[in-house]
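Just passing along the structure, written as structure tokens.
A, B and C label the chains in the order they appear, each numbered from 1.
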Amino acid sequence: MNLHIVYEVLDLVGTFAFAISGAVAARQRRLDLFGIFSVAFMVACGGGIVRDVCIGATPPVALSDWRYLATSILASMVTIAAYAKVRRLRFPVLFFDAVGLGLFAVSGAQKSLTYGHSAELAILMGMVTAVGGGVIRDMLLSRVPAILAREIYASAALLGAIVFVASAKMGAVSAWTPWCATIACVGVRLLALHYGWRLPVYRGPKARRGQSVSE
Amino acid sequence: MNLHIVYEVLDLVGTFAFAISGAVAARQRRLDLFGIFSVAFMVACGGGIVRDVCIGATPPVALSDWRYLATSILASMVTIAAYAKVRRLRFPVLFFDAVGLGLFAVSGAQKSLTYGHSAELAILMGMVTAVGGGVIRDMLLSRVPAILAREIYASAALLGAIVFVASAKMGAVSAWTPWCATIACVGVRLLALHYGWRLPVYRGPKARRGQSVSE
Amino acid sequence: MNLHIVYEVLDLVGTFAFAISGAVAARQRRLDLFGIFSVAFMVACGGGIVRDVCIGATPPVALSDWRYLATSILASMVTIAAYAKVRRLRFPVLFFDAVGLGLFAVSGAQKSLTYGHSAELAILMGMVTAVGGGVIRDMLLSRVPAILAREIYASAALLGAIVFVASAKMGAVSAWTPWCATIACVGVRLLALHYGWRLPVYRGPKARRGQSVSE
């Protein structure tokens, strides 16, 4: 089985999943058609663009390969057409986010390794690829990025990237490795959502005054 | 006529126009002198810096060529000195924005082609050069970027970039090409402003709750 | 005395100082453990990452050298453990910010010169290294960056960078140069804090309506 094709498919499936979550958020904020396409594209590809700029892979593949843009636009149009249905599913944004998270954590780490960078950089770049788009979305929509204050999210991406990089460094990469790492990340994320797992929050004197992160 | 000089002049005129729109926005938010210079410079050069980083043209020309910084500071000082007059014109920010938009869409697309990149990347980079500064301005000033929810804006930049890249790919570049593409973009933008043209907005159940994009 | 080691130590001390100021801000906004680590790391290393991307030094050293990440995490843990004490000091955030500001302005300018770039770029990169992290922090936390509207801050970083670059260009670099430039910056910043020095703010008709930058 050709690993290169696996990674390309991983990347496009992750792009589609993230673009849907971006389009739903943009639609809820009543952005116009261009706003929906833009936010979908930035959520889907923003993390990968930051990764490519950081590892020196310019121009970023998401900008030079038309399939990423086309996938984002397709996902946006699906979201617009089926919005009533997409909304009725209780966690559509959350579920697609989890899938994209796992796929991108792995493909981001893999690309950094391919460019000959260290294990530490590969793990960080896996996480950046996975959460970068969501952070950009929240900064565009003028809110504190959800990943900084909510349930286990970036930590799940970190786990997926670590599983993949550790396997790769131990020479244990097979066609199954990316899928195992992805499933580890998606599984932890979905379990965290279901059971409300959180990282510790330190409440200080400020907290008592009713100040809230989500404004 | 030397095309190279045309593009340099285009870039500096666009820089001046965008810097004025940035300085007016910063002045309205009561930022201090340094804040006005910074926002003017980021609005004028932010898009170009992102473009240069993406196409691998480091260090970005806006940072290494002192004329961009000098132009931004000059535009800021003009704005501060003539603020009462600038404010009295009804659409100063909007008009200068439209001019800068057209000039940057073309010069951004042109630079990407010069670096040997594909037509798709050139079109995207033209748009990024044109709208990047405005998006950065809105992110700095903590508001949802206007281009995601308002009248035809980024779409006009897209049009200008497409006209230029299409002419270039068909071997039809002359001294007039950049001006035609710029005028197409500025014209569409000003007409959209005048007639209130908008892209479709999809209003869903959320909209009824009085939720508004501008906070 | 080995200058290279001086600069490395400068950079790590500055990283520690900025990470503490980031961790305190994140802690006050009740972010979770991961949020605190992330904001601390971005405040400490965001400016340097932007600098490295702009001068073409990819991958950015803050991402490829584990000591920056380790220093940020260490500073976060110190902040969490000693939060009550850190809070009781009246200006902990402000003081550590000033120290980090001076150290980063100098190390950023120095790195740009090492990469063979011009004096103008070195001065701008010194300032970006110094204030970039704080701007990213404020954008992440959804507020107008303090440096655009408050006391002398970025101007102090500019001064430090100019002192260093001017000495370097006049061939007057010695082991003392970075420290003099750092002390000039930190001194001006602390004096500005103490005496409330500000750059001029232009109050217009808008100002009378009670509109405030800090929301």
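In this text, a contact is a pair of C-beta atoms (placed from the backbone, for glycine too) under 8 Å apart; a residue touches a chain by one contact, two chains touch by 3 or more.
The structure displayed is predicted, hence computed values, not measured ones.
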**Request:** Just send me the rotation angle from a CA overlay of chain B on chain C, rounded to the nearest 5 degrees.
**Result:** 120
**Prompt:** Looking at where chain A touches chain C, is over half of the residue numbers used by both copies, so same, or under half, so different?
**Reply:** different
**Prompt:** So how far apart, in whole Å, are chain A and chain C when each is placed at the average of its C-alpha atoms?
**Reply:** 29
**Prompt:** Among the residues of chain B, which are close enough to touch at least two other chains?
**Reply:** 53, 139, 142
**Message:** Using the touch definition from the top, list the residues of chain B that touch chain C in their complex.
**Reply:** 26-36, 38-39, 49, 53, 58-60, 63-64, 66, 69, 80, 83, 87, 139-142
**Item:** Residues of chain C that touch chain B when the two form their complex
**Value:** 53-56, 117-118, 120-121, 124-125, 135, 139, 142-145, 147-150, 154-155, 198-207, 211, 213, 215
